[in-house]
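One chain, chain A, links the two complexes that follow: it is found with chain B in the first and with chain C in the second.
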Partner chain A sequence: MQEKDFLEKMAEIMDTEAELSMDTVLKDVEEWDSLSYVAFLAFGATIAKEKIWPADVKAAETLRDLYNLLMGDK
Partner chain B sequence: MLGKLSGVVIEAVGAVVSKNRVSVEARCKNLLSAKKASRLAKGTGIHKLSIAVPEVCTSDLCYQAAEKIFASGWDRNDIGALIFITQTADYLTPATSYYLQERLHLPKDIIAYDVNLGCSGFVYGIFQAASMLTFLGGRKVLLMVGDTSSRNAFPQDTGLLSIAGDAGAAAIIGSNETSEIVFHIESFGERADMLLVKRGGYRALRLTEGERLTDNIENYCNMDGLGVMAFSLEDVPKNIEQLFEYASIGIEEIELALVHQANSMIVSSLADKLGIQREKMPFRSENIGNTSSASIPVLMSEMQRRGEFKPFRKVLLSGFGVGMSVASAIVDLSHTKVLETGEL
Partner chain C sequence: MSIDSKIAQVVGVAASVPDKQFDLMDLDIDDYTLKRTMKLTGIHKIRQAPPEMSAADYCIDAAKKLFRDLSIDPKTIDGIVMLTPHPNYIYPGDSGLIQSALGIPTKCIVMDINHSCTGVIYGIFTASLLVESGQCQNVLVCCGDTAAKHMNPRDRALKMVAGDGGSALLVTAGGKLPMKYSFVHDGSGLKYLYTPAGGERMPIQPGVTDIESTDAEGNVRTLEEEFMDGLEVMRFVMNEMPPRVDEVLAQQGWSKDEVGAFVFHQANEFMVKSLVRAMKLSKKKAMVQVDGYGNIGGGSVLLAMCLEREHRSEWQKTVLCSFGTGMSGAALAADFSETHFCEVSECSTVQVEV
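The block that comes next holds the complex of A and B.
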């Protein structure tokens, strides 16, 4: 998955209008909450190469961290 | 456990929800802004919840569902066993099935018991019913499932408040020479804490102030939402894939997949993960909520109400949740009478 597609998907998952980049800090996005965690996990379960662990999602600090989880490269 | 049971058919299914429907926004009032509540409802696909009024218990909803089935042609004197599956029984003891036996005027010559299970309960119930049919010698099993889970939602926990709905259902399981049901049932006790009501049993008493429950999460259901999601999208699809393999059925052969209506995100992700078209795995609980063990029969009765239910021959059923537990089955519903959803 390209970074551009990933950022679009993340805007959809979080249902946010915030400007997103790979370096966006998740805690600065108001919509990065428990609903977004599970939506990300659901998305990850269908496309990730390796199993994504809930603890890794919670520990992610930036969008790049989440991208790396999806690409199996933490 | 993987296995087959022959000579069993689901003859009838009926479900009853509450007349009282509450919007997610109203349910989470004072906790979430209208904008956040609407975003939550969009994410879960659940906009309104069936909330039983205080004097209505799970057994009342199930009673109505059973009476609807008897009113549509089944004879109560043919019942040889009654199984009531719930986590929200009327009393700690005795089993609510005995009150239901009396209330439904069922014969004395029957087997009756309660089972404490949630979202996997309907498929478990079919398995239990199917296992005892030979013993019943031609008589049928009345299976009743349901919960008033809305009462287990902690008043500050928007995660559960926004999805937990109440419903009760009933089904008649009988004998038939040709039908066969293939089951795959698994238990994951190491994750028992993922959906836990800690107080109210004998290990820890409920905390109360007068007649009221104390505002303490331990009195209510504590859900590890991320853990439940991971379970639903890792362990559940694995269970279903193994079932297909054992039954030598290709996933594409399935006409319909009726899975626990946890929320629409879980249902659509499960369809994607298994490679089943989303249209074949419907979500119809938008205005009812997640109704625990009743959710599969509610889905069937909602499909019937919308004119979507046909005599499907190859149907996947999968219930999963509290325990943690997964029970999946491949059934033939071409001879099943499904009643439209009722209200109480």
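The block that comes next holds the complex of A and C.
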């Protein structure tokens, strides 16, 4: 998945209108909440190479961290 | 259908829910959170049982409807399997109450299984064993829950999805196609969806177990109320359920395209849609029936089937898939083309007497 597609998908998953970049800090996005964790995990289960664990989702600090989880590159 | 066949089949299905709807907008939760959650879950209104009503009441009401529709004499029932995590009494279970309420003879096998959302498939499986062993002819399976009563009104993780209700189905011999199952269970995941206090491990202790606390996400609950870690539940479901569905398809020799109906546990709209996406299934074949009811627990797949009875005709190759507390999951591939689906009934009065 390309970074551009990932950012579009993340805007959809979080249902946010915030400007997103790979360096966006997740805690600065109001919509990065428990609903978004679950939505991200569900999305990840359909495309990630490795299984994604809840603790990794919660520990992610930036969008790049989430991208790396999807790409299997922690 | 062949009367010689010992193959178990589900001849009829019924569901019953509380008569009044509860609007989730009336919860003491801020509007932003309410609307954001509803957009994902697809649930705006639920059915919630009043304090005096139990899962068994809704199951009995569903069974009565089933017996009326199929002209079944309760005297012909010789097995009852009841599945609920919230029985009327700590002991014994509800199956005997169901027996006496329905006028089912005393010469009868009764049993209670403490399963919740996965209950219906465990129920069909157990009833099938009783029928195929030759021990029973007509087994009533009841599956229901009144979990919504046991949740904190400020716990949006649970309160905004759970509803109450019950279901009933009848298993007899005479089927054409053996039903195929796949089960998964991870007991180490019990802690992700359970009620900590109230059993033997942590008895209720006023001033300790009834004190509210707030978690990192702002959900409020006591130890006597249900707890769910939604992220862990999602992980279990997304990892474990697609392989279960694949297994039952392989056992029947069906392709995904051949299947007429996929009936997933109606946890919420997002979870059903996520599974559909992950398994690349046709959206039209996977029913979503959550709004106006909520996730009613083990009976949710039967409620969905009854609600869709008029809109669907493709039941010959049907896959049921349930999952929940345990962590537990199951899938079933079976022919439901000869199964009668009752209109959903509503119940407002206590059905059991002691």
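As a working rule, the second predicted complex is superposed on the first by the 74 of 74 C-alpha atoms of A that agree within 3 Å, B and C clash if a C-alpha of one lies under 4 Å from a C-alpha of the other, contacts with A are read in each partner's own complex, and residues count from 1 in each chain.
Note that in this section a contact is a pair of C-beta atoms (placed from the backbone, for glycine too) under 8 Å apart; a residue touches a chain by one contact, two chains touch by 3 or more.
Model, not experiment: these values are computed from the prediction.
Participant: Does the chain A-based superposition show chain B and chain C clashing or fitting?
Facilitator: After superposition on chain A, chain B vs chain C: clash.
Participant: Could you tell me if A:38 is touching chain B, chain C, both of them or neither one (first, second, both, neither)?
Facilitator: It touches chain B and chain C both.
Participant: Contacts for A:22 in the overlay, against chain B (first) and chain C (second): which applies, first, second, both or neither?
Facilitator: After superposing on A, A:22 lies clear of both chain B and chain C.
Participant: Touch test for A:7: chain B only (first), chain C only (second), both, or neither?
Facilitator: After superposition on chain A, A:7 lies in contact with neither partner.
Participant: First (chain B), second (chain C), both or neither: which does A:51 touch?
Facilitator: both
Participant: Regarding the shared-chain residue A:71, is it in contact with chain B (first), chain C (second), both, or neither?
Facilitator: It touches nothing on chain B or chain C.
Participant: Which parts of chain A are in contact with chain B and also with chain C?
Facilitator: 15, 31, 34-35, 37-39, 41-43, 45-46, 51-54, 57-58
Participant: Inside the complex, what are the residues of chain A that reach chain C?
Facilitator: Going through chain A, the ones touching chain C are 15, 31, 33-35, 37-39, 41-43, 45-46, 51-54, 57-58.
Participant: Sort out for me which residues of chain C touch chain A in the complex.
Facilitator: Going by the criterion above, the answer is residues 36-37, 39-40, 157, 217, 229-232, 234-235, 238-239, 270-271, 274, 277-278.
Participant: Using the touch definition up top, name the residues of chain B that touch chain A in the complex.
Facilitator: 39-40, 42-44, 159, 225-227, 229-230, 233-234, 265-266, 269, 272-273
Participant: Quick one: which bits of chain A touch chain B in the complex? Just the residue numbers, please.
Facilitator: Within the complex, chain A touches chain B at residues 15, 31, 34-35, 37-39, 41-43, 45-46, 51-54, 57-58.
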